[in-house]
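I have a structure here, written as structure tokens, and I will follow up with some questions on it.
We just call them A, B, C, D, E, F, G and H in the order they show up, numbering each chain from 1.
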Amino acid sequence: MTPQAGVPTGVLTLSGEALRRQRGAERRCVELLEAEGFQLIHLPVLEYADGEPAAGYRFVDRAGRLLALRTDFTPLAARVLAPALAAGPLPLAVCYAGEVVRPQPARLRQLPELYQLGFERYGAGGDGVGVLALALRLLGVAGVPAARCHVTVSAAGLAEKLLAQLLEEPPDAELVELLRVRDLDGLGATVALGEPARAALEAALFGEDDTLWADFFGLREEVAGLAALRRAAEAAGASAGVDVAPRAAGEYYRGAMFSIWGRATRAILGGGGEYAVALPAGEVAAVGASIALGVALEEAG
Amino acid sequence: MLTLALAKGRLLEPLAALAEARGLPLAGAIASAGRALVVEAGEIRVLLLKDADVPVYVEQGVADCGVVGLDQVLERGADVMRLLRFGFARCRLCLIARDGANVADDGRPLLLASKFPRLALQLAQRRGRHATVVPLAGSVELAARLGLADAVVDLVETGRTLRENGLHPVEEWLQVAPYLIANRAAFFLQGREMRALRRTLGG
Amino acid sequence: MTPQAGVPTGVLTLSGEALRRQRGAERRCVELLEAEGFQLIHLPVLEYADGEPAAGYRFVDRAGRLLALRTDFTPLAARVLAPALAAGPLPLAVCYAGEVVRPQPARLRQLPELYQLGFERYGAGGDGVGVLALALRLLGVAGVPAARCHVTVSAAGLAEKLLAQLLEEPPDAELVELLRVRDLDGLGATVALGEPARAALEAALFGEDDTLWADFFGLREEVAGLAALRRAAEAAGASAGVDVAPRAAGEYYRGAMFSIWGRATRAILGGGGEYAVALPAGEVAAVGASIALGVALEEAG
Amino acid sequence: MLTLALAKGRLLEPLAALAEARGLPLAGAIASAGRALVVEAGEIRVLLLKDADVPVYVEQGVADCGVVGLDQVLERGADVMRLLRFGFARCRLCLIARDGANVADDGRPLLLASKFPRLALQLAQRRGRHATVVPLAGSVELAARLGLADAVVDLVETGRTLRENGLHPVEEWLQVAPYLIANRAAFFLQGREMRALRRTLGG
Amino acid sequence: MLTLALAKGRLLEPLAALAEARGLPLAGAIASAGRALVVEAGEIRVLLLKDADVPVYVEQGVADCGVVGLDQVLERGADVMRLLRFGFARCRLCLIARDGANVADDGRPLLLASKFPRLALQLAQRRGRHATVVPLAGSVELAARLGLADAVVDLVETGRTLRENGLHPVEEWLQVAPYLIANRAAFFLQGREMRALRRTLGG
Amino acid sequence: MTPQAGVPTGVLTLSGEALRRQRGAERRCVELLEAEGFQLIHLPVLEYADGEPAAGYRFVDRAGRLLALRTDFTPLAARVLAPALAAGPLPLAVCYAGEVVRPQPARLRQLPELYQLGFERYGAGGDGVGVLALALRLLGVAGVPAARCHVTVSAAGLAEKLLAQLLEEPPDAELVELLRVRDLDGLGATVALGEPARAALEAALFGEDDTLWADFFGLREEVAGLAALRRAAEAAGASAGVDVAPRAAGEYYRGAMFSIWGRATRAILGGGGEYAVALPAGEVAAVGASIALGVALEEAG
Amino acid sequence: MTPQAGVPTGVLTLSGEALRRQRGAERRCVELLEAEGFQLIHLPVLEYADGEPAAGYRFVDRAGRLLALRTDFTPLAARVLAPALAAGPLPLAVCYAGEVVRPQPARLRQLPELYQLGFERYGAGGDGVGVLALALRLLGVAGVPAARCHVTVSAAGLAEKLLAQLLEEPPDAELVELLRVRDLDGLGATVALGEPARAALEAALFGEDDTLWADFFGLREEVAGLAALRRAAEAAGASAGVDVAPRAAGEYYRGAMFSIWGRATRAILGGGGEYAVALPAGEVAAVGASIALGVALEEAG
Amino acid sequence: MLTLALAKGRLLEPLAALAEARGLPLAGAIASAGRALVVEAGEIRVLLLKDADVPVYVEQGVADCGVVGLDQVLERGADVMRLLRFGFARCRLCLIARDGANVADDGRPLLLASKFPRLALQLAQRRGRHATVVPLAGSVELAARLGLADAVVDLVETGRTLRENGLHPVEEWLQVAPYLIANRAAFFLQGREMRALRRTLGG
């Protein structure tokens, strides 16, 4: 047997001590989740990618359908469990662990293969606060105390709501992107901003006095929700702040959302939020979160 | 203790002057740097880099923040926060062609030369133009003059160099100004220091 | 989030009791292998497929290279460990567990995704007998006692050697295939067979009196090797027989080979054998085996 | 107790006769089957199937062994053992065309009709012929006569049906005979019983 | 002069009776056919085929029209016109399972056996069921009884064969009736004759 | 050089007399179109296939975008000429010739590669009648006199309009398909049809007395348009009939549409119709037609 | 119809005067070749690419085979005509015209789609000289007089023969590449070169006194062949020189080879040479050449 | 009249000196160039460019020949002829790491920073090393010092800059020297002038 020229660059190959630590952390996390009533499921490596944007490795299979390597467990779980969600009974709580493949990782050192471990709760009264608390406990079990975490809390569509107040027609993707990168001056050059509006937007973007922009943009209710999430993070021992225009991993979030950063690695250790699964028979409310186990172990040091 | 990445190019002098005026002792540190690339300026550690590298150091978190032109941020596609747009050293990224050359859209792909190949292609496609871009390291005006490319995409301040080379700006594709940029994680994890630096320089 | 139309047919989705059993069996097997000195490694999902025959899902990546989902751990492990094998020190013993994807499973009910668990030993004096014994112990730990197993033992290239005696020029693939399906009459129609040759071939193909065909074809040494493998299987409590022309999973085996069948499922539970890894600096002898954990659990009932 | 799959078609009668002669009481059981599909014949349970289904039942292990033509085994690509080739009911799979039709290879793909689409395509490609195959369920000679296809691939025994339809065999592509086939696992797990059945029928 | 493809199976007798009643002398021609596959019946040339082949001969225009069950048209995915649905020989294509077997959707793919593999897979997917289909040539009820597949998809008339084999229809997936089908080109190019035949048989 | 195993089945390979006839016919057709003021253009072999349904050969290029071999000139011409259409001046009249590749050809003997020759007129008052007449003249020049043609005339969306009268909610694809295959009884089983509605539908589907169903469904204007097209075909010497539910080659037609059948080959020799090109700055009316030169030459005999 | 985002960059779109000139030139060239006894054939757009290096656009079709858009007519013609070559009678002379697709064109301005027009003669006593003369006549008919051409003549494998004299073992690809780029100093750093060898190599690489290196390397016969080719080029009015280590378009050439450069465009207008087609029944000698019509028309100005 | 592309960098001065010594008046023309990018020097038109751009101008034929380091030719993958290797300004392209850092091959991909991303990746792969390369514009030694990358690939002359930054060369990956390069077409079409220039500079 003549082994050909190596493996695609950056594909995850682990052995010895590093692998033992990861399997140990995974077992402890799964035990915690099973104790909390989440049923472990094994999700497939391949998914149909017909409508998907060109994220992961895509290819055309023998029946001419577009297939992709899984890049994110949450939409995949919804698709595989759709029959069960339609049939019920609800609530249904599952957890999973395994590799997802993202060819362009944000951080240079990061491999395209990410070891993701997470949980989803469908059809329950579950909410962002409970899920955030559980995600922080998961990180704790993986060796990252909450004190080393900073949580950025947000609400899906918040940036769009802010802009809608300032413009007549619905905000296009470019303006939302300007909010995401906090380019207040850039926005001011494209959209006529009166002084009070500019000051309120500045307060929102740079995470100071929340009440000021909550009143100006009439978003008191959303901001109250954010405050509840912040208190939950701080109660668990982490620091927290509002991210009014997050770069969410998934486009599917609706309602509360959060990302958990590691102080040492300065990388995103995990995240989650509230979303809904649209089924022929109607919508099923859902909430979930996941942690990147490999990055978490790096943060744990 | 923030690490600030600065570009050794044409932005350094106006920035140092503005900082001094706002009580931030950058000018002295930079002047005494000599060949050194890392200097301390009070509470801030300064890295002196090529301007194309500033977005990389900031995006990867080796620097917490930096000052560099928007052109370099977009060329590198760096996922960084843009805290503040400065008033000095503003210019325009333009499509530039030889006097008398015709660059109207006739369905055939336009051959462009540029120091900003990724950004030039993006801006061309946003205007529905098919284009192939030749990346160059410098003096792109020569490429247009000698016909290496149909047109070039470059920064225009006064337009003097263009006129000297028998060239003229055809269309303005992007307003460019220097920005105070910040690493996403640092923006959240060192929020207070970031806001302080922004107020100092933003005045 | 609107989940698209399901997951590719037959892709492995496990949950509840079935998944708990599989993770339990996997843990016990890995513990046994680690106790035997095999170091656990995590192998990548993707491999370059330049020379590979069109077995698994193949696609062209962004750099124009041909990639394939892993279909078999043994060649993948050799490729990933090539630097370590070249650098040494040897022997090196590793074990692994995870899914491989084979679009056309032999058995109808079988899913294209197979959960494979196995071990390889490089550069040691290791041989077929020791590996067969360990494979049977693995199946025992997974819940399948040796008594429910039947082992077919063979030697790579044995069918080719038999044919070489009967023909002048080297045997082509079609004749070897006729031996694989025991089509003695079909062979007789293509190759002139004298009576003694036909009788010897009949004994070899239908697994009766080994000594008869061993003498006729001058293969006493190979047949002795097979007998040692049979004794090892019978010593462990399994029944055993010679398969003179096996349909090996991998083309890379050289020397002893074996397959382990389950009496209830009548499916192949595992297999292994001796092979060599060709490196620039020279060859490294190797031996290994793997079991299909899902099928083994089906056999365990 | 072996389960033997037999084809209800033209092979049944000669096989039953040969079995009786070798002391295997198949004929009686089959005769008394009536509409039943499963009958006991001494130590053997017999399944009475369409001949195209015999290779599937044997490959999937629902039957331990079976008797069917090699054409059906190859058409289904069934991974089964071929224990014994029988002497009766031998025939040839041929490329068949209308009298006067030209089926020489001119680079253009040949349109073939056949009850064995997969096998016909394989045999055409092995002879370097490009072919597209129309699967048909029966009386393929009509397809050749009425020009649905350029030629057909079918079993030829006497050739009477061909002559009646103004057709002739162009090339013999495969010798076909009935085989005693066995499931791979059963071959190893029930070795003794298999060898006994082979000797009985092989005589 | 229209060419009409008829299936030699269970549809032939009721169709011939209806045609006679409407003044179309099919019965006589068919009775006197013997082994012949092509017979003249007044103005109409009749081809006697296996029912699975009728849709192919009509789609490729070798026959202008034909009479066959909708199951065969859909199984072959033949692009043909459906001029008339007949009242006789109606039945239902059903999902059929062993008494006591559970075929509820648990996310795992359902293993189906059927003489209509393409149609069975289509109907399963339309109900959101993952399925793998084993194509069989006949007596699919045995496949369900002996566990070759989890369930079968087959035509049900009275349901007697099912009960004899300890099986029951789980869900009705498709109403099936014989149709008068026509080749698309013939429908337009021989419009008048088509309409006449439709009126005669539709009455 | 060792030529590998042949060319994909059914790919067009022409030589000698057959190719000379085709190049001669193509030249005469192009000369006719150029005389009529159509400017010859050369269209690319490859096109982006992001939104396209999975028709032709699809694959993912190095930049990760989905590419497809061209399957139909009309949409490709619109895409390539979009800048010129936006800039104007209009009307713009172009013609083209070359292969399109359709892996699943309708007729068995037909190769997946089709030699298509056609013309499009953008932004003019052009209409179905003029284009039908020109298409028949093209076939004449290619050797197929109008007398050997049968033209089926239709109007895009006519079937949908018929159904809309019979149902409350908009008709789904399955009901339109039943109309396409004239399955009146099948439709009657799914949709409650009163006697008068059933009789009107029967007249429409089986192409008898147009005025009857025109009045019943209030489609007098559309049917008048169809009559004009029929008269144009008959004036040119071809027979003609209404096809109330056509299986159009392209989904893009809006307004008059037609297909031209050959009596000998009983195959579609060409077709065309009225459509519109949606550009950012607004819609450009367009009309065009094309003939399958290879099939036309087969019809010419 | 909403045309999607344009066509793949650089794909050939021609119209008006430019297309008229190209079709006129193509007709004149085909008339010349047909007069010279070459039969026009139409070659398919797609070819199987199993063994091919990753040159053109590659993709996996529905049967799992690797397909590629044609990048070069010569090997494609050999594959399509293999049955005819095996059956005979020989010689067989064909000509062809159409697009080939090369994603990475050498010259920046050049589009990946190249309009190639050429001819092949199989099984004849035909040779490089005759083919070179005919290629120059073709360029003349396309509007490029020989006086504006420079011909570089070479013999396949010549560079390898030179190196074989200087080294013991066969030359690897890297040394041949050094000869291709004339890196005499680079070669001198890797291979010990005595002074006479260095002087002879210098004369060969920089195309001065041919006899000097012909004698030194014992290649008098090959060099005589090159001289015949040079005289043929000069006789037709073109300038000519020896290229001892050409970057041939195709790897299949054996024997005489040549490239024709345009003085104005400084681009390769065409090329050709002697090669052989290996068939099961034995080898068929062949010779052929082709011109890039689009580039030739650019040179014609 | 040859067009010669020269790099304004560290090669210009030693080349001008060598040319003067060989009777080629480059030095005078270059000195008097001022901001001009195109100067005449006797029979030769000189283009003064960034060294990374010389291979592009020569490969595309805007310049007939040029003088630039082999590193720039390989980084751009320019298909040009290498007429002459110069003796001056030779250096080595090395893998460089922080003192004490471990860059042994442990199967995990190596993160490299370099001004020659394409060449660095090629050289790493030729040594069987998996690597990801971060392209940088300048002072790569800082990238190694501050941990932006595991190691850097850069030109080493004296090694003084490395020692100042606490770095050391791990392996020499490529010998680099300036070359007289030529456009392929010009090499054939202007053979005589090319040979003359080569002799003058090669002496």
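Throughout what follows, contacts are C-beta pairs under 8 Å (C-beta built on N, C-alpha and C of every residue); 3 or more make two chains touch, one makes a residue touch a chain.
Just so you know, these numbers come straight off a predicted model, no measurement behind them.
Asks: Using the touch definition up top, find the fewest steps from chain E to chain G.
Replies: Minimum step count, chain E to chain G: 2.
Asks: Could you find the chain whose CA centre sits the greatest distance from that of chain H?
Replies: Most remote chain from chain H, centroid-wise, comes out as E.
Asks: So which one's got more C-beta contacts, G-H or F-G?
Replies: Output for the comparison: F-G.
Asks: Let me have the rounded angstrom distance from the C-alpha centre of chain A over to the C-alpha centre of chain F, please.
Replies: Measuring from centre to centre gives 48 Å for this pair.
Asks: Just how far, in Å, is the C-alpha centre of chain G from the one of chain B?
Replies: Centres of chain B and chain G (C-alpha means) sit 46 Å apart.
Asks: Taking the mean of the CA coordinates per chain, how far is chain B from chain E in Å?
Replies: Inter-chain centre distance comes to 72 Å.
Asks: When the C-alpha atoms of chain B and chain F are each averaged to a single point, how far apart are the two points in Å?
Replies: It comes to 53 Å between the two C-alpha centres.
Asks: Going through chain E residue by residue, note those that touch at least 2 other chains and give them in order.
Replies: 60, 107, 128, 134
Asks: Which residue numbers or ranges of chain G touch two or more of the other chains?
Replies: Residues 5-7, 13, 58-60, 62, 64-65, 80, 108.
Asks: Across the complex, what residues on chain E touch chain D?
Replies: Touching chain D from chain E are residues 35, 37-38, 47, 49-53, 56-57, 60, 62, 134, 136-139, 141-143, 146-148, 164.
Asks: In the complex, go through chain E and note every residue touching chain F.
Replies: Within the complex, chain E contacts chain F at residues 60-61, 79-85, 175, 179, 183-189, 191, 195, 198.
Asks: Mind listing the chain F positions that touch chain E in their complex?
Replies: For chain F paired with chain E, touching residues are 106-108, 150, 152, 181-183, 185-186, 189, 206-208, 241, 243, 247, 261, 263, 266-267.
Asks: Please give the residue numbers of chain C that touch chain A in the complex, ascending.
Replies: 1-8, 11-16, 19-20, 22-23, 39-48, 50-52, 57-62, 65, 67, 69, 74-76, 78-80, 82, 94, 99, 101, 103, 113, 252, 275-279
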